[in-house]
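My questions all concern the structure below.
Just so it is clear, A, B, C and D label the chains in written order, and each chain counts residues from 1 on its own.
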Amino acid sequence: MLSYFSNPARFEAFARWASPLALLVLFGCLAFGIPMGLYFSPEDYQQGHTVRIMYVHVPAAIMAELVFGFIALMSLTAFVWRHTLADACARAAAGPGAIFAALTLITGSVWGRPTWGTWWVWDARLTSMLILFLTYIGYIAVWQMGTDENKSARLARIVGLVGFINVPIVKFSVDWWNTLHQPASLLRADGPTIHSSMLWPLGLMALAYIALFSWFVLSGVRTSIYEKQIARRAQPLASRPIKPEQMAAGDQNG
Amino acid sequence: MKSICSDKVSLQCDEVACARGGVMVVGGVSFAVGGGEAMLIFGANGAGKSSLLGAIAGRIPLMEGTLNWAVNDDVLPQRQFASNIAMLSHDGAIKTGLSVEQNLLFWCRIYNKPRTDLASIVERVKISGLEHRRAGTLSAGQMRRLSFARILLADRPVWLLDEPTASIDDGGRADISALIGGHISDGGLAIVATHEALDVPHRSLRIG
Amino acid sequence: MAEFFAMGGYGFHVWTCWGLSGILLGGLGIARERRLRRTAKLAKQHDERAKREEPNP
Amino acid sequence: MALRRIVRAVAQRDVVLSLAGGGGWLQGIVFYAVFVAFMAFAFGPGEDALRRAAAPTIWLATLFAIQLAASEMFIEDIQDGSLQTLAVEQTSLLGYVIGKLAGVLIIVGGPLIVAAPIVSIMFAVGATNLAILLPSVAMGALALSLAACVASAINAALQGGGRFTAILAAPLSIPVLIFGIDATSLAIESSQIWSVEMQFLTAMTLFLMAIVPGFSVLALRLGLE
């Protein structure tokens, strides 16, 4: 499927109908998801209205993890099949991914203030999300730092892959660390079982986030395709065409 | 000593183009050279001599074209051919904190050569007596001779030399020309990026 | 209405979260869209200039 | 074997270099000593607080000292052309990377491992046999060097001047730190060497050993283009 898109024009044609579709899904979901989340869904018997934070927090958390998986998958694809479009996809996903991770941390923290009585606990989930956020920053730094696009792309593959293999390890180790250091009194696994009246807005918001992410990737890849075109056009100006002298067989001296 | 050149090495380049930082610097280079020949790549500063040499060495990937190294007409992949190459890069691969001898001893171990070779090599590049000096205290010309000693030590059929006579005086240029001449008359192959003529029978490739 | 904004005393928390999510994601969206339009326009300009300069490629 | 020969040559050269000029080995241990002293001042002279701070202090000092040394482990070889030469002339850079790692371990890791028991004495650890914390610290030094190595290789390829080593190495170092501090604490407090934490630390080290050299070679080759 990826080789089908190796032609930028074909990708452009695909994006031309896929982008509006993603936006349609996004706004459709938001049109129902926002009112449902903010108004029509019931408040939780324990958490009260703070449960409404969940509708932006949980999808962001899911996306933060999914997006890194996406980056790793694209890195692997680029690694194995040397597919430059996969690099562009991974690059386009990194910014949104970092924002999803940041939003997860911020909304989680704001939710934690009234619920746990503190802005931050070194809870396993929070901590591993923080490290995931750091990984995103490192990944983005690789793209930002390099002067040569091609080189940055190939280095980013390494960071994407190593970062991804590391995610479960971080998760596991943080779990371990947390259970040793922190009595699990604040967070209970048996929280409120989700009622369908809450599941609907949650699902809609999650779908909206996925649509938004797809649109981010599509537009990011399109931008990088255009940027490549511009660079290619600009290139003959920057370099001088070289015409090596024809080497005659008898061109011996000395 | 020159048993390494009993195998015939050759290089065939077709329409090679290479890039630096995503920008093409050299394009449309075609030539073929073999053992017993020296090829000098001439060009002004920034013409892409080093990039082309880097591409020939397999360090910089080609943008276009093909480049084939062969031993006795068997084409080898670049990585596999690497053990036939001795490379003199722009920076001489010298540790200024180590003595001349320590520098060469390191490369002795890398190339798996006995350290008994050292004395004669130091003599051939005319830096005898400096063995225990710290490389950082050598003059620029002596440094260049020291890095050339490593090429002799490597004892490999293909020499890729980037500006071997940079910051070296007339006498030094003659010495290095003589060493390259000796190498090719032993059946070796030398490709030299240079901005000045060397006194060696050679073919030339002008870029830029 | 005021009751809706108060969110049972948790208005600050709920609106901060939704607001920030909207601002950050919306902001990135707008930035991306603008960048896409700008580069698309630039690419088109380069295309046209190239065509003008070499009428018969 | 060729690989072993190159590993030895590179490690030996780096050790000689650090002893001869610049005093690379001193840099690590001096930083370590300063850091440990500052931590002691930060925690105050109370013995209880100090005792609890012993393992974290040893680990953080080790982490920073290694990262300081490793963030520039490839830069010099790139600048003087040694790495370029090796990359062109050698079929593989694996031996070179392993040699560099061994060099860091000997030059920086070695003194730190020896210093760990001394720090514990200064931090009022009353254990009778302080050598018991050595295995975990040694294992940790290896793991942290590995994490810093791949980060440093990527950083060198980016020509980042050491700026990004810390952020790139952080996600890899955190699990090491988590298991390592626990393993050392347990060793100090209850003389357990082969604790579950130590087993996980070992597993993490093995994991890093499996992935780091290959990815470092890739990054270095990229950087030379």
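As a working rule, a contact is a pair of C-beta atoms (placed from the backbone, for glycine too) under 8 Å apart; a residue touches a chain by one contact, two chains touch by 3 or more.
Bear in mind that the values here come from a model prediction, so they are computed numbers and not experimental data.
> Which of the two pairs, A-B or A-C, is linked by more C-beta contacts?
Comparing A-B with A-C, the pair joined by more C-beta contacts is A-C.
> When the C-alpha atoms of chain A and chain B are each averaged to a single point, how far apart are the two points in Å?
That gives a centre separation of 46 Å.
> Based only on mean CA positions, could you tell me how far chain B sits from chain C in angstrom?
Computed value for the inter-centroid distance: 53 Å.
> Between chain A and chain C, what distance separates the C-alpha centroids? Give it in angstrom.
Chain A and chain C have C-alpha centres separated by 16 Å.
> Determine the centre-to-centre distance between chain B and chain D, using the mean Cα coordinates as centres, and give it in whole Å.
From the centre of chain B to the centre of chain D is 36 Å.
> At least two other chains touched by the same residue of chain C: list those residues.
none
> In chain B, what residues contact two or more other chains?
Not one residue of chain B touches more than one other chain, so the list is empty.
> Where in chain A do residues touch two or more of the other chains?
147-148
> Could you run through all the chain pairs that touch each other?
Listed in label order, the chain pairs in contact are A-B, A-C, A-D, B-D.
> In their shared complex, at which residues does chain A touch chain B?
Touch list, chain A to chain B: 147-150, 231, 235, 238-245, 247, 251-254.
> Name, in rising order, each residue of chain A that touches chain C in their complex.
38-39, 43, 48-50, 52-53, 56-57, 60, 95-96, 99, 102-103, 106-107, 110-111, 113-114, 212, 215-216, 219-220, 222-223, 226-227, 229-230, 233-234
> Give every residue of chain B touching chain D within the complex, in rising order.
Its residues touching chain D are 54, 57-61, 79-80, 82-83, 85-87, 89-98, 102, 106, 109-110, 112, 134, 136, 150, 154, 156, 160.
> Hey, which residues of chain B end up touching chain A in the complex?
Residues 21-31, 47-48, 197-208.
> For chain D, which residues are in contact with chain B within the complex?
Listed in rising order, the residues of chain D that touch chain B are 2, 5-6, 8-9, 12-13, 16-17, 20-22, 79-82, 84-92, 224-225.
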